[in-house]
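Paired with chain B in one complex and with chain C in the other, chain A is shared by the two complexes that follow.
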Partner chain A sequence: MRERKNNLKRSESIAGLLFVTPSILYFLVFFLLPIAICIYASFTNWNILSPNRMFVGLRNFTKLFADPKFWKALENTLFMLIPVPIYIIFALLFGYACHKNILGQKVFRAVYYLPFISSVVSLTLIWKWLFNAEYGLVNIFLKGVGVENPPNWLGDPFWTKWMIVLMISWKMIGIISIYYIAALKAVPRTIYEAADIDGASSLQQFFSITLPLITPTTFYLLIVGLIGSLQTFVEIQMFAPDGGRGYGVATIVFYIWQKAFSSSQMGYASATAVVFGLFIFALTAIQFIISRKWVYGGE
Partner chain B sequence: MKKKVLVLVLCLVLTLGAVNFTSYGAQNSSDENVKITFMGWGTDAEIATYRAMIDQFEVAYPNVTVDYITVADNEFDTKLQTMIGAGESPDVFYCSIDNMMKYAATGNLYDLTTFVENNEIFDPNNIWEALINRYRYDGENQGAGSIYALPKDVSVFPIVYNVDLFKAAGITPPTKEEPWDWNDYLATAEKLTSGSGNDKIYGSGAYSLESAIWSNGAEWVDQETLTTVKIDDLAFIEALQWAADLSLVHGVAPTTTETQALNDYDRFKQGKVAMIGTGTWSLGDLWANTDFEWDVMNWPVSPNTGKSEIWFGSAGLAVSSVTKHPEAAANLAAYLAFNEEAQRTAYTNGQAIPTLKDMAKGEYQEFEKAPASKDVLIDILENHARLATQSRTFNQEWFAEFNSNTAAVFNGEMTAEEYCTSIKPAVQQLLDDSIEQKKEYSAQ
Partner chain C sequence: MKWKTSPRRVIIFIIILVGAGSMILPFLWMLSTSLKEANLVYTIPPQWIPKPVNWQNYKDVWTASNLLTGIKNSSIITIFVLLFSTFTSSMAAFAFSKLTFPFKNVIFIMLLSTMMVPLVVLLVPQFVIYSKIKWIDTLLPMIVPASLCNINVIFFLRQYINGLPKELLDAAKIDGCGYFGAYWRIFLPLCKPAIVANIIMLFMTTWNDYFAPLVFTHSESKQTVQVAIAMLNSHFIQQTNIPLMMAAALIAELPVLILFVLAQKHFTESFAMTGIKG
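Here is the complex of A and B:
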């Protein structure tokens, strides 16, 4: 009897294994293998154009840390984290409004979702027009309300970065609020009913019930958002194809791409990717540690 | 259980199948009919032209089929390098002059020297010598040694001017015999600058830095060894400042902010700037999108040297060193680069001026469309144009570094002297890196 059970268990686990094999293979071939190659390449002078490569030890890394452009790009990359709290807060408010039926739900959901499914390239072109220093609607508006010298959005890296922050926030609010609408629907009604009986105001209910109970969603969005933001690339390539004045707009991923494909320094680019990968990993780990203090785990 | 086995077997079959197909492809090479791939970028018009040419080629060489892959120009290098890295380089591909050394040094380009000497498609003596020599590389320097690509085009960068505005202001353009110097240029630009607000017309666009600096006898990098950055030379600083002062001091050119909002080229098309530098690749666009008469002239000479210099550009067609069909591939490259019909199509579409000397000096001069002074283009190409310095170094990062903040000079945040002295160490460092990279790549 026991043996049969064991057999059954074994064949079940084999079946299970077979089911996950495609995913594991996919992961191995498209994630683990490239990561391994990348780590290996980071210690070589591989240039992608030639199959030959030489082991150069830590040279790529020492050069990387000595390159002011790398630090500049890192600074700009961290700047790109600004949109995350912005769109999370606005998406929550918007999702809440939809959830409470304050806004005409369906229309607005579609409207807010549109930017997310539009191509970044076409969005960028539109934004370029909007933010044109002389002919753009934004500056015409700013001049109209009395700003004498509106920013040169596309020419001054400082303002270009803020414009990108604005664009990413605007683009993400729609999709993020969908997550929130789902999360809000999952909060049991009974808790609100109990709170009503206890005489809690709706504001109190929001801060003491709604907000804590949707923290798992917030945490997920935060992690995914931070990682996504750190990888900002297309916007940079579109708005500042050369990285902006004084490399003032370039992000790390842009830097990696430039090194890999414009300068054919695949080894060096790999080293940058390794360092940056570790950086993201560390940042995510810290978030997980802190999350124990604020994310609702279910009781 | 049977199903699972079936799945496993299927997976195996599919994997082996993929492997098998690849090896089948390789075996196929010995057959008479060959298939080659050709990768390029281009505007819709250029792509259409090339498709037509490829059709002609396939008629002329019936055993060759060409698979034409087009890629956006800003993604081209990424794609090509990835393909090379994966061992799947296209047989024939565009190779910009800036990248030629890099690809040749890493052994990715097929040596075309013998082919050029014995080919059946074109006469090497009918191509500008300077042009074809630019695609030579001897393992050390560009300009000598084996030929690694065939110039598919040549671009000249003249001043294009608005004839209507010139006539209205009573200005006679310079001639070959009586060129302008910088002072004449500035005086003219002042005369042509008028109006304000939306009616503002500027005399000049941003002045070509290459022209200003080279004509003034200065260089980014010493021309003998290409190892020393010379951007803090007095003549260099003077030229850069002069170009910046056109807007800063004299107000005859748009400010950097204005240029950001509407670039010189579009401004010119709207009739709001009288003289700009632009390349011959935009002739077709100017035909279609201007409603005034325009023509070309040579760049003014520097009053300090009495000479005028400007760069020319070119893109080449290279053959992959790992192609299985070198002959067919080289024939295609030559056909696309030098075919008379193709050259004619290119100039009648306003994409380029002919690379064939007899055509450029012959029928092209009679061609009805603007510019009227086509002889100026030939004169520039033969007597005043040279390859940009950054095209002759292994990579172009040092040049990008120099350009990264020239806006600070043009908007007056820094003087040319401050800028050049402050950025020189970084530029020199990147040039050193480029030299180092070349050594390393060539050694491999």
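Here is the complex of A and C:
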């Protein structure tokens, strides 16, 4: 009897391991191995075009920190964090309105998801046309309302960056609102009923009940948004294929991509990727530490 | 439906209405532009309804761009990824949820940790690996890793299967099913709603992917649909046939758009479910 039980247990173990084998394979070959190679390559002068690969110690890193383009790209990368609070606030507003059954919410929701389901490439093609300095709808509109010199969106890095901020915020509002709609549904009704009895206005209820209770969702969205925003690439590559005038639009991922695939400096690009990976990791960790001060942790 | 009117509600409604306008106008403008003759694009004030309506761009785009090849390659990638990834991920989700096996939790946490590392860290070494095994300029880098494991799908389906009773497994075993039989005949069919929701998400992300095919393929015959339409993007707008470009972008959008219209409910659900547990 016991032997039969052991046999059963063993066959369950084997089945379980077999079922997760593809995942383990993925983890080892496409995740762990690349990370190991990346760390190793960051200490070499690996160039895909030349066969001799040499260990160069920390030289890639010192070169990186001395490169003004890297610092410019880092600055631009941090600039790409601006959309996160913007879309979070608007998504909360929109999600709250949907939660309160605003007129026509079904239609609104479908329309708000439209930019998100579209590919970034299609969106950038539309935006390039919309924001064309002379014939774009946006500048025609701006001239129409009396702006004499509307910005040269695609020619001036400053405005290109703001245009990208606008585009990412615009794209994300709908999808982020889904998370808030779900979170708002989960707030127990009884709390609002109690507040009603105490005579709290709906605005007071929003700020002292709703907002604190959905902080876990906000925190999750901030973390995911931060990690995603720091990796902005496609928009940059489409709007400013050379990184923009004075490298004014390029982000770190763009920088890595250029170093690796335009100048074939795999070692140097790997060093940048390692530094950037650690940077994102550190920022995320800091967010987790700060979160204890403001995120609602349950009963 | 209760609809109370107060000034605050009206203001919020107007903000949302303006927002909705900004979401849909670019797409209408894309459609309108795609139906124009190239020289009519630069008229000021802009024409919203093109006169004459010109369908020629939708014919020309197939010869003027690499769109057809792109659609073919993207379809191959998407079909493979949808089939295999749904299979491997649901199987893993079943194991993580209902079976006991050594190192279960360690393996699960390992998989979750892949979400923490930025994609760009993996990009360069992945390129190196693929060039060693001669995968560069094939569709395999887009198909194989994605087919083996999708941690989002695993996480999502595991959550779903956790909600199904463990007794189902015991019953299946009594009926003589092996573990694979229990998964294939009992649990997989029960997961159908969750799987449908995931397929929509997977379709969207796979079809819209641009970064991987950009980096891992070179020749025109291997371009995906996103790379093909990105090629129409020129630095100098004057050299671009804008209506043609808009037509191509619109055609590339259609599959996702159709799927979205058909299955909007599932789409929202999949996000809500993953979001709460995130």
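Here, the second predicted complex is superposed on the first by the 268 of 299 C-alpha atoms of A that agree within 3 Å, B and C clash if a C-alpha of one lies under 4 Å from a C-alpha of the other, contacts with A are read in each partner's own complex, and residues count from 1 in each chain.
In the analysis below, a contact is a pair of C-beta atoms (placed from the backbone, for glycine too) under 8 Å apart; a residue touches a chain by one contact, two chains touch by 3 or more.
All figures in this text were calculated on a predicted structure; none of them were measured in a lab.
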Fill in the blank from the handout: Comparing chain B and chain C in the superposed model, the one touching more of chain A is C
Practice task
Using the touch definition from the top, say if A:15 reaches chain B (first), chain C (second), both or neither.
Solution key: both
Exercise for the section: Could you tell me if A:27 is touching chain B, chain C, both of them or neither one (first, second, both, neither)? Expected result: second
Handout entry: Contacts of A:48 with chain B and chain C, given as first, second, both or neither
Key = both
Exercise for the section: Figure out whether A:236 sits in contact with chain B (first) or chain C (second), or with both, or with neither. Expected result: neither
Practice task
Could you tell me if A:118 is touching chain B, chain C, both of them or neither one (first, second, both, neither)?
Solution key: second
Exercise for the section: Give one of first, second, both or neither to describe whether A:84 is in contact with chain B, with chain C, with both, or with none. Expected result: neither
Exercise for the section: Check whether A:164 is in contact with chain B, with chain C, with both or with neither, and answer first, second, both or neither. Expected result: neither
Exercise for the section: Please work out whether A:250 is in contact with chain B alone, chain C alone, both, or neither, and reply first, second, both or neither. Expected result: neither
Exercise for the section: Report for A:135: first if it touches chain B alone, second if chain C alone, otherwise both or neither. Expected result: both
Practice task
Residue by residue on chain A, keep only those touching chain B in one complex and chain C in the other, then list them.
Solution key: 11, 14-15, 48, 132, 135, 154, 241, 257, 261, 266
Fill in the blank from the handout: Interface with chain C, chain A side, in the complex: residues 9, 11-17, 19-20, 22-27, 29-31, 33-38, 41, 48, 90, 93-94, 97, 101-103, 107-115, 117-130, 132, 135, 137, 140, 154, 170, 173-175, 178-179, 181-183, 186, 203, 217, 220, 224, 227, 230-231, 233-234, 237-238, 241, 252-253, 256-257, 260-261, 266, 269-270, 273-274, 276-277, 280-281, 284
Problem - List of chain C residues in touch with chain A within their complex - result: 1-3, 8-9, 12-13, 15-16, 19-20, 22-24, 26-27, 29-30, 33, 41-42, 44-46, 88-89, 91-92, 94-96, 99-102, 104, 107, 110-111, 114, 116-129, 131, 145, 147-149, 151, 154, 178-180, 183, 204, 207-208, 210-211, 214-215, 226, 229-230, 232-233, 235, 237, 242, 245-246, 249-250, 252-253, 256-257, 260, 264, 267-268, 271-272, 275-276, 278
Fill in the blank from the handout: Per the touch rule, the chain A residues reaching chain B in their complex are 11, 14-15, 18, 45, 47-54, 132-136, 152, 154-155, 241-243, 245-247, 257, 261-266
Fill in the blank from the handout: Per the touch rule above, chain B residues touching chain A in the complex are 1, 4, 7-8, 74, 77-78, 81-82, 84-85, 87, 102-103, 106-108, 256-258, 260-262, 395, 397, 400, 403-405, 407-408, 437, 440-441, 444
